[in-house]
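There are two complexes below, and they share chain A, which is joined by chain B in the first and by chain C in the second.
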Partner chain A sequence: MSAAPPLGLSILLPILLLAVAWAAVAADVLAAGRAAGRPVPWAVAAVTPAREALRLLVGQRRRTVGGDELLRGVGGAVLPIAALLAAAVLPLGMRPVADLGAGVVWFNAMEVFAWAAVWLVGWGSNSTLSLIGGYRFVAQGLAWELPHMFALITAAVGAQSLRVTDVVAAQGGLWFVLIMPVAFVAFLLSVAAMAFWGPFSAPVGRDVAGGAAAELAGVDRLVFVAGRWLLLVAAAAMAVPLFLGGGHGPWLPAWAWVLVKTLAVLVALVALRHRIPTIRMERWTEFSLVVLTPATIAQALVVTLVVLGEGGF
Partner chain B sequence: MDLRSALLRAAVGCPHALVVPAPGTDRLRARVEQELARRRWPIASAPADADLVVVVGRPGRELAAVVDDIWVGVPAPRTLVRIADEDEVAAALDGVVRRLADADAQRAAASRSGSRARPPDPSPGGRSHGDGGHDELGPGEHDDHSAHTASDGGHHHHGGGMELPGGLAMADLGEDRDGLALDQLHVSLGPVLPEWPSGLVIDVVLQGDVIQEARSRFLDLDEQGATERLPDAARALDTAARVLALAGWEGPAARARGLRDALLSGADTAHVPEELDDLRRRVRRSRLLRWTFRSAGAGRSEILDALDDVLASAGVAVAGTGEEGHVGIDLATLDARLVGAQFAAARLVVAVADPQPRPAPDLPTAPGGAS
Partner chain C sequence: MTTALFVVLAVTAVVAGALVFRVDSMARATFLLLLSFLAVAGLVLMTGLQYLGVVIVLMMVIEMVVMAIFMIMYMMNPAGLMPMSMFHNTRGAAVIAVTTFVALAGGALLVDWPVRGGRPAADLTMALGESLMGGQMLTMMTLGVTLFATIVGTVVLAAGRGRYDRLGDELDAPASDDRDRGGVGR
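What follows is the complex of A and B.
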């Protein structure tokens, strides 16, 4: 364990996360415009996140009859906090804010807060459509969590450590994405799923009029939506130290590599998102439990055998 | 103060619009949607997400009540626009940003609505706002109904007599499809839901998100004037756009809408047949769409077949060779199809069926090819 978290990095982390989330939203607006055959100018896309945030800041909050304000408020606030805490173990360059000995487990534990968050918001709104959105996410969560955990474990086994910086150090020669491609793909899928985003956006889908977020207005909606994007960014950024070699790379400094790789992962996710429809959660559950979970277990097994063969453990 | 008004103007510069169409105003609604898309104003999915309510056509008594209901749930700054004629569309939307940015007027209206949300006596429909716990309404907050779109008020409640303090009903108990006693919830879906047929309301009994009973009706049937139908090709594209949007495939949905608008404005339709073919090919080739639609309550990929038929009928209508296009189904058939469907599947079934207020009696009830 390192000593106290470096102050500079702790202050920098939320700013960086927000900046990258801003870029991701802008890229999403651009991609959506192109997919719709109605291209959006760069300048418009770049200011869209700020304008939407401002719109929600100005907007009035609202309550629902019989709604549980406390649960709803807690649920909304948990999303960005969980994203921030999960990102605390992200090496920005070679050093994270908190270099925990069980960093991989910490990251996983923080993400799982999203389950509670979305469910609480859906439940606390006391509205049918919000509730449907809430339990869609719980069903989806059960499906993405298993392959996700096996993907994380595979990376940890490959490095023989749960410390994220050790995982990065183990990729000095060969990136883990080449050794464990199945785990990488499963991880990327679960990144989108845990942020209930893109093909996994059924919990806030259009058919349920915004689902869990259907009753949120003003700053409540801002916190919820921003939390969701932060979660996506934090999880996508985690793919870099786990599978894409972290800060390793020629010419550029480590922090630049982390940034470039994170943006690349996000661009890939955004580009993919607008090519495919939303996956219904019952289909996803089936695929996840029947195909993805066994595949990630097999992947973990193969990596374990290789590590044992090389005299690890 | 200048900075504040500049910020406010920036904040409301791109308002989210909630479109509330009266039954039988498809053409006008399409025109409104086109104008909103041109301005890049997003379509709100729910009142909570809206800054602007656009009432399309002349609502009858029932829909007017719904609009009042929804209006309570729209957060300030907000404004309401009524559009009854195609010539008014652009002009009506032009004034919206200025009204939203008028801080003084908005503040005055906001505090008034805050008090309006606490009526002195409970309304007869069984809903009263503001129980004791809600007395600390700040100036920036107000009470309102839970679901405007799936409104719990009114005609639910066949069984239990328990009422929550908010005036909402408790769920009943009933047997589900596996013979378990589960909560039953009586809700009305519509008339203001994204991608929902104008003026349609379906009273459903939900268990979990499985529909146990469904009874659909159109609002204000007795007061309805002449319905203006979309031409066959535009109507089919409108239906396809809704199905695609519900499937979360926003790009192709927007393209279908663009084609519909091109046909309606009649300006430049040379590119339409080609793009329509392209769209149809994309839909048919999408393995993911086929896979995700397969478990639809209506059957194996029936929705996708119906969608393909809709697009095909649009192609036929554009080419001008066919005489009969996509025909909506009657409400009884729709009700029967909804029973046993999950919520997501039911939404697709409704969208692809696209019922109309008055189905032409002389046409056979051929559902959009789904059988």
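What follows is the complex of A and C.
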């Protein structure tokens, strides 16, 4: 909590996040249309996010009998706020809004608020299917959180610092994705999982009629869905400073490289999403705990040994 | 500014903590407790211990969500459906609470606070790490292994079906007869 965050960047960050989220939703609409065999024109896809947002904005809100409106409201609001706070340590170019000494841990701490948010929305709706959705997210969360933390730690060990700008600086020569590919893959999986998106969308799955979001309508749904996309964008953007060299790159300025790399990660995630079915809870949990967690621990060990061998710490 | 922030965080921590015992819903009680812990994390951050403060936030969010599930499973009033009381042994608790408060507050007011010697390290996170993993390494390792053994022991005791149930007494069944197959295909 040293210097005050630069005002310009603080205002720019939410606008940038929303713009990138807009692009991601539009790309998702395009990919979904192609996967369904009914291609959507570019122009239609580009305005779809705004049209959906307006539709939800003017739509009627839904109250459930005996629901806990307070907890549901808090849960819905926490999702976009957590995404924004997590993004505060993202270097836009070479400088983040808040260059915290424990930036990697800060990102982790903000993004786990999604646990509370989804569970609260599922609980507060006082509806069985919503509740199932909320519990599903916690079950999934317990499975992805460990590999996710080990992936974060591996990047921090590689840079010998928890400061995100130090992690970027350590990748001036070689990107971390080449040194720690397992951690990178685990991180990408947890990006989709923490936004309960793509193969990890069981908490809001169709088999439970929308799960945690089943009873959300109108502006409540808009905040929840927007928060989910913002979380996906913030987490995907975090892969850039942690593993893809941040703003490092030839010819272009740092901010342009960050943007290009973030969009590339998102395009890869969106393209994969429509090729992979939703994974069932028990399958993902076992895979995560039996395969992914040991693999990320081994990855952290290898990186630590390399760092020690090079005279680190 | 600093004083105002301190007062807001301190009052939030105490009031949210007290409200835990007033509300009529396990979910609300759990998340009020979380709010109280978050305010405490804010106070820790105010002392400049950035890493510890952020870790408190991280641990408490996960912990309280998991705790909410167990509270709702085991407590007498999952969702305000039945009248309930969070109080037990009220007279004894009051005596203990007042004694503790008087002792702590009296200590804080009466003790001669020492003058600070030395200055904080440049990188507090590094200093904390060196203190935990240097001089206290043995303690931390013992603690780690003990916690891990506890987790494994608890899982073994709680598991409904172990590997001998799944794969037979000789562990030689070609495939387990699990109702829900996991993702690794064992």
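To be clear about the criterion, the second predicted complex is superposed on the first by the 311 of 313 C-alpha atoms of A that agree within 3 Å, B and C clash if a C-alpha of one lies under 4 Å from a C-alpha of the other, contacts with A are read in each partner's own complex, and residues count from 1 in each chain.
We adopt the following convention: a contact is a pair of C-beta atoms (placed from the backbone, for glycine too) under 8 Å apart; a residue touches a chain by one contact, two chains touch by 3 or more.
This one's a predicted model, so the numbers in the text were calculated from it and none came from an experiment.
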item: Chain B versus chain C as contact partner of A:S127, first or second or both or neither; value: first
item: Which of chain B and chain C A:G210 touches, first, second, both or neither; value: first
item: First, second, both or neither for A:P277, with chain B first and chain C second; value: first
item: Chain B versus chain C as contact partner of A:G101, first or second or both or neither; value: second
item: Touched partner set for A:R38, first chain B, second chain C, both or neither; value: first
item: Superposed model, chain A: greater residue contact from chain B or chain C; value: B
item: Shared contact residues on chain A - chain B and chain C; value: 126, 135, 279, 282-283
item: Complex contact set, residues of chain B against chain A; value: 7-8, 10-16, 37, 40, 45-46, 48-49, 51, 73, 75-77, 110, 127, 129, 131, 134, 140-147, 149-150, 152, 164-168, 185, 187, 193-195, 206, 208-209, 244-252, 254-255, 258, 286, 288-289, 291-295, 342-344, 347-348
item: Contact footprint of chain C on chain A as seen in their complex; value: 1, 68, 70-71, 74, 100-102, 105-106, 108-109, 112-113, 115-116, 119-120, 123-124, 126, 135, 138, 141-142, 145, 162, 279, 282-288, 290-291
item: Touch list for chain C against partner chain A, complex; value: 25, 27-28, 31, 34, 45, 48, 50-51, 54-55, 57-58, 61-62, 64-66, 68-69, 79, 123-125, 180-184
item: Of chain A, residues touching chain B in the complex; value: 32, 34-38, 40, 44, 48, 51-52, 54-55, 57-67, 125-130, 132, 135, 199, 201-202, 205-210, 213-218, 221, 274-280, 282-283
